[in-house]
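Think of it as A, B, C and D in the order they're written, each chain with its own count starting at 1.
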Amino acid sequence: MTSKVFKDAKAALFDMKDGASVMSGGFGLCGIPENSILEIRRLGLKNLHAISNNIGNSGRGLAWLLKEKQISQATCSYVGGNPDLEEQMLANEVEVTLVPQGTFSERIRAAGMGIRGFYTPAGSGTEVAEGKESRTFDMPCLLELPLTADFAIIKAQKGDAYGNLWFQETARNFSPLMAMAAKVTIVEVEELVELGEILPENVHLPGVFVQRIYQGADYENTIEIPVFEDQN
Amino acid sequence: MTSKVFKDAKAALFDMKDGASVMSGGFGLCGIPENSILEIRRLGLKNLHAISNNIGNSGRGLAWLLKEKQISQATCSYVGGNPDLEEQMLANEVEVTLVPQGTFSERIRAAGMGIRGFYTPAGSGTEVAEGKESRTFDMPCLLELPLTADFAIIKAQKGDAYGNLWFQETARNFSPLMAMAAKVTIVEVEELVELGEILPENVHLPGVFVQRIYQGADYENTIEIPVFEDQN
Amino acid sequence: MSVSKNHWSKNEMVDQVIEMLSDGSSLNLGIGIPTLIAQRIPPEKGIWIHSENGVLGVAGRPTPQSVSATLINAGKETISVKKGASYFDSSMSFGMIRGGHIDVCVLGGMQVDAEGSLANWMIPGKKVTGMGGAMDLVHGAKLVIVMLTHFSKRGEVKLLHRCTLPLTGKGVVHKIVTDLGVFTPTGESFQIEKLAPGVTEEQLGIPDGLLSLAK
Amino acid sequence: MSVSKNHWSKNEMVDQVIEMLSDGSSLNLGIGIPTLIAQRIPPEKGIWIHSENGVLGVAGRPTPQSVSATLINAGKETISVKKGASYFDSSMSFGMIRGGHIDVCVLGGMQVDAEGSLANWMIPGKKVTGMGGAMDLVHGAKLVIVMLTHFSKRGEVKLLHRCTLPLTGKGVVHKIVTDLGVFTPTGESFQIEKLAPGVTEEQLGIPDGLLSLAK
């Protein structure tokens, strides 16, 4: 039986190619798959379609790839706080598709859960509605379709050899949804634990959604905007 | 501030009336809200619309209400193993709507999550498709609509005063989804724990979905079909 | 192997299914005969068994000491789980199937036809069990296998040109395992993959035009 | 209270919002001014603060000792949580809003109009921040409050007959809190609920026909 456990990012990303669509977990810099992103930079992959809430932030995360002009297409909900993306978007170097955040996560979930389309009020009556089917239930709604990708790169605080994952605090965000949605899901963990160490009730993402997992290293875990009690 | 904590089933079900639609958690007899069901029997409510995967099983659970002819309408996925329901269905005493189980749970989730409709392949090309909008994506799909109710009665192994819940093993099934979907969600727990005792990461259902919670008593926790290793 | 018996036992049927499973694959088991599979899969195959009531990693059966009222399979039978198991709600459970994450799904059946359609949830005017999860389970898995006895108790063959009972799914079945053989519905016919020892084509009770041989 | 200043401070705006909150209610706070609310809510009100990145039960700020890189709000600022908090994925988080489980939602804005429409995500040709969660947040909460300064830096009033910037949501706002007052968009006009001390109707910069008085 082939193991899902890989030595490191280099081993796990062996077949990622130019032009791939890649979902990347994280909200801002919280919960981002640092090792996999840096490996993509090392590989020098080009023409990537990045699908992530922020496409990096504050010059880090996926912004590492923006700096190297590795991303040509981006699907995200928010570009504020990401000068690299704003700049390349205005210079038409990156084609940006903005998706309302709740629609973004639900479209990714839909892809993972085999839902072929759903109706949501978000974006109704706005520019986001252009070109979309509209339909009124209790209020006007838009038909939204699943969002998938060739790869998902995500990070969890704990994971086991089958790929069962556990996320700390708000690091969960889009990661389990992306793991469900992508064709190949590559997980890096802070801690690779024994099977059974995550209580079956407390598994946030069952391992069946994970194709590859590795123990990450050298995490920066950057805090973007530290605000403390004392400052109030 | 009004507390969500009630003394018992009697206190928590004070405003349930004849004709109410009631979602009830549980798969077969696993994870059923025994105390709330027995209180409905004691109250002698009539003409109820029960929404539950099995509407009881083996003469127990919601079948307690079937025996008293309290249920006039049932929405469920499976009637096998429930002679009370089969009998009253064939005698036209209970109007039964059968829903494919995955569609059943997803419709309940949709109600809870504000999704106004979704497309699923389940039931396509079958009797279930009759009267429903069909649409072909990668395969023919049906448009399914949210399923809600006046009340959800569910059971969790642990819960706190805000209504944060934790379910044991396969007792989770439809319960957290129903808690999201109903107008009033009434939870009974085996153990009412302190706020914070359920680790925030391990909360299966955030308390915001719960309106009332009480410590249950005298659980039967009936095993329907005990099968043991030795018997093989 | 006894030639006189001319059909597979339930366990032999189960073994036909197990042969089709790749190591490490994920597997949903329907109510009825399919649940027997869980107990016969060699642990070294590393199969992850899913039960749609909300568990992945079903192992076998509990002991009277370890049995738990909250740990059951979709047939409401008590089970045990292996290390690495997980529990989840019904929406996630069916999403696993619908989203194509479960490799193989094995269901029981009343009728199955050459088009790959399955009927297993009601006999009009006689018996209604409800579809349970079956209508969801037939869409999504890479390999949908139906296990059923070849003939009904009344002696009617269950492999038909077109199902006469209300369908569970249309054109969804990839393989059929009966006590007489293994078949692939091709749309036009049932392709014979394998027959139980001593079984002849005539015994199958399927009209000649509906049978074809594996290439 | 200084009459000469003729407008509310940010904290005074925050207090206007806090007055509208029922004890024990749930509250989503948008990026910007609204995040200040978390720090000023009296704990005894028992408010449950939701941040759409996946947390319910935001308390205030961490200490340098307790700070965690994985515990932030939707503004990417570090936070602390109270007992009874929970974490969840983004799909669940927006489902809470969309499904109507969060009582109150407070957002920032660039423009808001008499119809209750809000614009807060882009200025064509100038600035695009993206809508983030705002387009989802405006649908679902029982009370949607927009907090914004009454005038832009260029002195243009932000309360208009109709928004000129691309909309975030159409007819979705229930209350508006500016540094000059509290308003209800009625469809035809802005109904004045309250004005900051010393502020006159003339100072609002809203055409007479667009103003109405609370009944």
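To be clear about the criterion, a residue touches a chain if its C-beta (ideal position, glycine included) is under 8 Å from a C-beta of that chain, and two chains touch if they have at least 3 such contacts.
Owing to the predicted nature of the structure, the values given are computational and were not obtained by experimental measurement.
Colleague: Using mean CA coordinates as chain centres, what's the gap between subunit A and subunit B in Å?
Modeller: 33
Colleague: What whole-number Å value describes the gap between the mean CA coordinates of subunit B and subunit C?
Modeller: Here subunit B and subunit C have centroids separated by 28 Å.
Colleague: How many angstrom between the C-alpha centroids of subunit D and subunit C?
Modeller: One centre to the other, that is 55 Å.
Colleague: How many angstrom lie between the centres of subunit A and subunit C, each centre taken as the mean Cα position?
Modeller: Going by mean C-alpha positions, subunit A sits 36 Å from subunit C.
Colleague: Residues of subunit D touching 2+ other chains?
Modeller: Within subunit D, residues 55, 87-88, 91, 94-95, 97-98, 139-140 contact more than one other chain.
Colleague: Send over the residues of subunit B in touch with two or more other chains.
Modeller: 106, 109, 113-115, 120-121, 167-169, 172, 200-201, 204
Colleague: Could you tell me which shape the graph of touching chains takes: line, ring, star, complete or other?
Modeller: other
Colleague: What pairs of chains are touching here?
Modeller: Result for touching pairs of chains: A-B, A-C, A-D, B-C, B-D.
Colleague: Going by the contact rule at the top, pick out the subunit B residues touching subunit C in the complex.
Modeller: Residues 27-31, 53, 57, 76-81, 86, 89, 98, 100-106, 108-109, 120-128, 139, 157, 167-177, 204, 221-232.
Colleague: Please name which positions on subunit D make contact with subunit B in the complex.
Modeller: Touching subunit B from subunit D are residues 23-24, 26, 45-46, 48, 50, 55-57, 81, 83-88, 91-92, 94-102, 139-140.
Colleague: Using the touch definition up top, name the residues of subunit B that touch subunit A in the complex.
Modeller: Subunit B reaches subunit A through residues 106, 110, 113-121, 135, 137-138, 141, 166-169, 172, 199-202, 204.
Colleague: Can you tell me which positions in subunit D touch subunit A when the two form their complex?
Modeller: 39, 51-55, 60-64, 67-72, 74-80, 87-91, 93-95, 97-98, 117, 128-137, 139-140, 166-171
Colleague: Considering only the defined contacts, which subunit A positions touch subunit C in the complex?
Modeller: 1-2, 109, 111-115, 160-162, 164, 180, 194-196, 200-201, 203, 206-209
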